[in-house]
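Take a look at the structures listed below.
In the two assemblies presented below, subunit A is common to both, partnered first by subunit B and then by subunit C.
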Partner chain A sequence: MTTATLALRDVVKRFQGVVALDGVSLEVAEGEIVGLIGPNGSGKTTLLNIASGVNRPTEGRLVVGGVDATGRRPNQVAKLGVGRTFQQIRLFDDMTVHDNVLVGAVARGEDRDHVAPLLARLNLAAVADRVAVTLSYGDQRRVEIARALAGSPRFLLLDEPAAGMNESESDALLATIQAIREEQGCAVLIVDHDLRLMMRLCDRIHVLAEGRTICEGTPDKVRADPLVIEAYLGSAGAPAEPEPAGGQAS
Partner chain B sequence: MMVFAAAGQEAVQQAINALALGSTYALLALGLAMVFSVLGLVNFAHGELVAVSGYAMYLLHDAGLPFAVQVPAAIATGAIAALVMQRVVFRPLRGASFITLLISSFALSVLVQNGLRAIISPRQQGVPLPDFFNESVHLGPYVIGWLEIVTLASCVIALIVLTLFLRRSTQGLGMLAAAEDFQATRLMGISPNRVIAAAFAISGALAGLAAIFLVARRGTVDPGMGFMPLLSAFIAVVIGGLGSLSGAVVGGFVLAAIEVTLDATLPGSVQPFREAFALGIVVVILYFRPEGLLTRVSEAK
Partner chain C sequence: MSTLARRTLLGTAIFAVPLTAIAFVANAMASPADMRVVVNFMISLVLVLAIQSFSGNTGIISFGHLAFMGVGAYVAAIVTIDPVLKQDDLAGLPSFMAEHSVGFIPAVLLGGLVGGLVAGVLGVVLTRMREGAMAMATIGVLVIFFVVFDNWEGITRGNTGIAGIPQSTTVFAALVFALLAIAACRAFCESRFGLQLRGSRSDPVAAEALGSNVVRLRWVAWTLSGAIMGVGGALWAQYNIAVGPQQFFFEQTFPLLAMLVVGGLATVSGGVVGVFVITIVFEVVRRMEDDIGIPGLTQIVVAVLILVVLNRRPNGIMGGLEVDQVLARLRGRRRVEQEGGSQ
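Take a look at the complex of A and B:
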């Protein structure tokens, strides 16, 4: 259990003097689903960028499966078993759904046969031959997840996978992510603003505000934390859902 | 009746000329687009790949080697020269700004041209090709030069092979994906160095192939011979949409069609201004399709 984690240790990230992350530590173990929430600009995407090698931490370390990956390039971090999706969908627009996922598979030396079951698992079999850009927003999000999974990652980073999805789509996404965890045993680190989804999906939730961890723990603990309520749930501009009630109902 | 027949015949022959010229432009434009799509670099030294491939043919011819040797040598020289350019000049500049890369490629272009001047000769050198290329074939009422036929056939075969490679092979799919979103493929574990090297090698091989037909048409090589083809290829890429591979091919054929049509229809007195008319039409195309013919109008995301 000790090596099968993706860990960020005391990570600091400054962009030309602006502090995006200020000493954040976070660990995701295999088979675990960890949520990352926080107001806009709290450093969530920066954290995923560091975990996938897009950005290099100013201070602190990235350790993937026991290997120090600090400062490694994105393709090298991917080879250690980190797959991700993007907040702004980044599919290969002119390629078919099937080929998008196939690129994800071959990039990591997986077989072509790997693709069809994944398309079926993510409910994309019917649109496999469509050109990616013609798909609906929700379908495109699922293609991104399939593409990331095609490389058989040990750690899957999802950046706002439910953005733009309606309630039933996000419920289906929840079931899919849980099934992926069961079947592939991979760890999931997920960023999303859909708190209804996050509270039900995640084993643990990590709350960031202004680049610092303000709370970490089970959804119940996070929901009850006064700092979280003040910084996030209770602040102006927070999601208008009846948050705790919605969460308890599930 | 006779006039109509003659006009029809003329049109068919012009169309074949346009296709042959267009396919040469397409090869060059595709190479430019390929490197641009993975590196964000408009390689103005691309024309010099044509030149060095042409000189390889010249040197081999001088050494008494037959055309059958010169052809693969030209293609290989283009590919190797492109790989050397990328390793020596562009790789150390990875991550540099667009302008830095652009200026560097201009510098490289000047360097290679002057290298050819200093080492070989500033003057034109003759590269006689097999007589075969000067002959024509009579198909019904049409007289078609073998050069045009071979050019068109070779370029079309090259484009088909390349398309099959890109669409069917796993390596090719990675390239195609990288051409669409380089950063995303890196995040999936594809090595950028490999993709970039492959893009240069392919662009160089295509330039080498184009060089064979350009040399065949001119019968000579000279140090600056790559510049005009490069300019045409660049215009083709812009017409098709910068960064779009299929756009580059379409752009090449569109540009050739414009040039050949003007060639055939403009009265003799304005022929010297042919280029100005051609570029004028390009400006009109870009006025209506500023992002190129094959680039999707970016949707609001």
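Take a look at the complex of A and C:
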């Protein structure tokens, strides 16, 4: 195995006896876009929290770029090159868009000049001086991505970036994430319910149900897998229908 | 010029003009009573900005900073008093301290140094706490230092306090240190430390996920603010010429916090404006109080002012902005109005 991977090995996470993850292994290689899907409560966010150091695993290891990062603080995991966004947006509400992204840069010792190109890249230059909390939902999601990218991560973890986006916004997000991979060379681990987005974006998809991996492979393989159809998509099996992903719900 | 340097210079220069004018006018024509108000105003700027540099950037209120003011004041007292007086009053001093004294500037620097050292040591424990727990623990810091000041007879003369400190803090010296405090606090706020702390102020979880070591950043802010507080205490002692434990306790904590909250905790400009407004209101009402014959009116008016400000402007008079940002906005708005009018 190359060292440029983010790897979770046999990860178990229990919250006061409740098993959230039950022996999950997952790897994201350099430059790869890996999707993580599964029904609500299947452990997707817990997995991202462990991969970013926000939660520590009960059992198993987190290895980032060849370094065992198990049990390290989130800021230490970030310094190994892991950036992330949150399912519930966690912007610095009282700061401007520019300053939000600037904090992401200086927290990893990046230069202040790093900010302007990123804002332009994510189509945020026009709102750079607005206070973050005044932005629309979709704009706030993009600010969070820009802020995570400001630290030049090698691995970017996105927790439901398309939530609350309509189809055209979600298409734009798809293009943005692909461009980020091309330009920054960073790998992406993405959780989302928007299967239309996920099937087109991801090189590989990892399917969780009740804290276990039930399938892993290319979008085509996952789409055809009977276990996935059973557990996640419902027995009707139409991939894009069952989850209310594209609506304006928040 | 870097953003940090430009904002620091601009933010300091805007306040330097009126503050310097006040100092010169006071020096030329103020009565001794008015002069006291002006010098204590300048010293209060140092003290309030010291608290702002921690509480403003971290969002954690400190009730304990008067302890570091006390440390700075006692240090300044002990190192400046005439050795002859020390032999009688401060029997507990080691001989090298009992036999020598230093001048104004070394005393101020020593006050800052010891204030910073004491804060640095305490900060190792305090900054590991959660936000609310740390705020509560700062009350403990205040009480512990009060008890020490009150009982360490050989060094602090306990409840009696130390008198006979040379009065070295002139209005211009106080002005210079007030401007230095404004510049230092603004530079800190705009620095990598300040930026990350302001992020952690609104969301510590997000800040850590970006790579900020929030505990260490808080320690840096706490230690710096303890040092500035020590400088303020040393200035204060060398103006008011006597120090005692009661001067660094609850009663003196709340006026300083009131100034900060009324002006706006989040910015350096808020601290400056708060000190100015509360000082003016306090002095005006205090003088009326004797004429009207309502004792306690001053405290009531200041308390009502705090309530009104917090109700109408929860982020203080400055509303979370620095003075240069306010001016830039006003200029922008005027330009929009002019362009709108000409079409």
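By our rule, the second predicted complex is superposed on the first by the 234 of 250 C-alpha atoms of A that agree within 3 Å, B and C clash if a C-alpha of one lies under 4 Å from a C-alpha of the other, contacts with A are read in each partner's own complex, and residues count from 1 in each chain.
One rule holds in what follows: contacts are C-beta pairs under 8 Å (C-beta built on N, C-alpha and C of every residue); 3 or more make two chains touch, one makes a residue touch a chain.
All figures in this text were calculated on a predicted structure; none of them were measured in a lab.
Chemist: On subunit A, do subunit B and subunit C fit together or clash when superposed?
Modeler: Superposition result for subunit B and subunit C: clash.
Chemist: Please indicate which partner A:Asp99 is in contact with in the superposed arrangement: first for subunit B, second for subunit C, both, or neither.
Modeler: Both: A:Asp99 reaches subunit B and subunit C.
Chemist: For A:Gln88, is the partner it touches subunit B (first), subunit C (second), both, or none of the two (neither)?
Modeler: After superposing on A, A:Gln88 lies in contact with subunit B but is clear of subunit C.
Chemist: Starting from the residues of subunit A touching subunit B, keep only those that also touch subunit C in the other complex, and list them.
Modeler: On subunit A, the overlap between the subunit B and subunit C contacts is residues 52-54, 73-75, 78-79, 83-84, 86, 90-95, 99-100, 102-104, 106-108, 112, 147-148, 151.
Chemist: Quick one: in the complex, what on subunit C touches subunit A?
Modeler: Per the touch definition, subunit C meets subunit A at residues 3, 192, 195-196, 198-199, 201-203, 205-214, 266, 320.
Chemist: Spell out the part of subunit B that touches subunit A in their complex, as residue ranges.
Modeler: Residues 167, 170, 173-174, 176-177, 180-181, 183-192, 296, 301.
Chemist: Can you name the residues of subunit A that touch subunit C in the complex?
Modeler: 52-54, 73-75, 78-79, 83-84, 86, 90-95, 99-100, 102-104, 106-108, 112, 147-148, 151
Chemist: Residue numbers of subunit A touching subunit B in their complex, please.
Modeler: Answer in residue numbers: 52-54, 73-75, 78-79, 83-84, 86, 88-95, 99-100, 102-104, 106-108, 112, 133, 147-148, 151.
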